[in-house]
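Handing you a structure now.
Order of writing sets the labels: A, B and C. Residues in every chain begin at 1.
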């Protein structure tokens, strides 16, 4: 204990922790402001913001699940090769021969499902409390974009195991793209605009005329790099706007009633 | 126009958490310092004159660069060569097929059914016209049935039930020089465009 | 019934159970909070408008929630393996073959609409419609607290869309659509050889016996005109009539653009329900289900 006290007085310790840990108003504020991770928060919030019955915690849980997915996803990438020849073999290897491989894959998959769920419930809560009303209109729009990105991330990850479930879910899903009006080769007015099976919007997604090895690579890059990058940018905007639009939503003060 | 909207002081969104919305004050706001106002007699970017020609040209160049880069990035996604299995293949001798039967011999490999009728052959592409699943041939019911959304097709390929919007596609079928059937999946005949009567959609054969 | 229990307990279907339970639980929670606020003069959230320090009062809630979520996730992952089926095979379509669960509502719509509507237009309209909500909902009340009394219309519309059209179609698509995408009740076995007779007719054929296609397989212009009148009339008569009738304050504030957007989106949502009914209801009377309302050479609705 005495050693710890001594350590606290060193220049090294003080260079890391800028304030003491005594429970004072000032230190409680510094705890938030001086911490790069916690300073996402304001120093003080309305009392109802700490009530889980009001917020349901769904937005925060969604962010937590995104972090879990990032970490487990990176871990899975150590053993996975996105080629039609190896992808399924690597899945088998991961599930049977890699210590904690199944746990990592299970966590990735279940967290992905859970994230889709929590995003939907978050939207439901935000709607029911009328939190999209002025001045938060635009943040609702950003939230809808994030909902779409979440679905796209989950859907692109669905193909990667390269099993029957994956290939047919994605075949059905991407075949809808061939019916896109104007941009698909079987959509209304698509053929009239010169769309063919090898130049329409579905071809961009698949990298070929059918779900095959190029599709696997495209979905992999989209799933691991492109979509997460876009999602992180929009998440940054989303969180920033929560603060700038006046913090968590709540009624105007009671004088207005 | 644009200058005015920029110059108008915007009431800030409520800065404090949960604070009340500030009212726009009815009293005229103090004049802004000079450097915050646009230069006198600025026609704005949309009205061209001698003085802003270079500026407009610069912005046009910038815009052009963005457009060309976007088109280039998009074009990058369309490779010139695809490594996909060949679409043309030989399917054995016509005598090997039984009259009235739907042959599933090439369904797995080439996704084509070869149907032999009394007066000849036709080749149906085994891709559901709804969303691209592989239908199954049910000999008992004498129809093709898609497992994805329940579309049903007669033996001729014409749709009669479920969500499929149009009949199955027929592939080009012909006799090769060596007497074998030859099928080219890349040449398709669509019923709804009245193409099933064309040569190649049906191979007359009574041997 | 036993098969139904097997399907329910499939690992990939757990999220749907959670969605169902979650949607019901949170609807109930929001409902009780809204009722409580509606009975009060000042909503509870406004009465508690003092501020608290984030450290520790909010951070500890987040910390506990993190621990709870991680514990649940680890248990879930230890005890249930993510499915891995046979290697991909392009020639063999599993029966039934289903999209990921969150798209099953859309896959269900594929039964009633052509792919360009169910797969492209409707999802786009859902996204655009959701984004438009803050800009078309001009009711300033109910901002930041649970209430029902002050915004009945918007809550009813949203809940109908989310709970009925989204959640229950997902549940229907997962648990009651078997081989061949045929409908099975929970107590029925999924019979892969079950053959449903689904001979389709178009609306003009059902009502007036006007065939949509002429004997030479070209489009019948009379039927095409009929379909155009039905579809365009559906989108215009109601809104125009309502606009003539209600020239009140609300209509003034809403403005023509907002009014047009809201009525288009609402009528599209209603149209989805109507098309489902047109497909299902005739079968109850022993008639053929309706496939299209409007058939043209370029697209069918």
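In the analysis below, a contact is a pair of C-beta atoms (placed from the backbone, for glycine too) under 8 Å apart; a residue touches a chain by one contact, two chains touch by 3 or more.
Here the structure is a predicted model, which means the values were calculated and not measured.
Trainee: Chain adjacency by touch: line, ring, star, complete or other shape?
Mentor: Drawn as a graph, the chains make a fully connected set, so complete.
Trainee: Please identify which chain has its centre, taken as the mean of its CA atoms, farthest from the centre of chain B.
Mentor: Comparing chain centres, A lies farthest from chain B.
Trainee: Just the number, please: Cα centre separation of chain A and chain B in whole Å.
Mentor: Using C-alpha averages as centres, the distance is 28 Å.
Trainee: For chain B and chain C, what's the span in angstrom between their mean Cα positions?
Mentor: 25
Trainee: Give the residues of chain A that touch two or more other chains, as numbers and ranges in rising order.
Mentor: 42, 44-46, 134, 168, 172, 175-176, 178, 210, 250-253, 256
Trainee: At least two other chains touched by the same residue of chain B: list those residues.
Mentor: In chain B, 17-18, 131, 133, 148 touch at least two other chains.
Trainee: Would you mind listing the residues of chain C that make contact with two or more other chains?
Mentor: In chain C, 49, 51, 90, 92-94, 97, 107, 110, 114-115, 119, 144 touch at least two other chains.
Trainee: Using the touch rule from the top, collect the residues of chain C that touch chain B in their complex.
Mentor: It comes out as residues 49, 51, 90-97, 107, 110-115, 119, 144, 179-182, 195-200, 217, 300.
Trainee: What residues of chain B sit close enough to touch chain A in their complex?
Mentor: 13-21, 74, 77-79, 82-84, 131-133, 148
Trainee: Sort out for me which residues of chain A touch chain B in the complex.
Mentor: Residue positions touching the partner: 42, 44-46, 134-135, 168, 171-172, 175-176, 178, 198-199, 203-204, 207-210, 212-214, 244-248, 250-253, 256.
Trainee: Within their complex, state which residues of chain C touch chain A.
Mentor: Residues 12, 14-15, 18-19, 22-23, 26, 29-30, 33-34, 41-59, 61-62, 65-66, 69-70, 73-74, 76-78, 80-90, 92-94, 97-103, 107, 110, 114-116, 118-121, 127, 130-131, 133-135, 137, 140-147, 151, 155, 158, 162, 166, 298-299 of chain C touch chain A in their complex.
Trainee: Where on chain A does chain C make contact in their complex?
Mentor: Residues 25, 28-29, 31-32, 38, 41-50, 52-54, 56-57, 60-61, 64-65, 68, 84, 88, 91-92, 95, 102-103, 105-111, 113-114, 116-117, 120-121, 123-125, 127-134, 136-138, 140-141, 144, 147-148, 151, 154-155, 158, 161-169, 172-173, 175-181, 184, 186-189, 192, 210-211, 249-254, 256-257 of chain A touch chain C in their complex.
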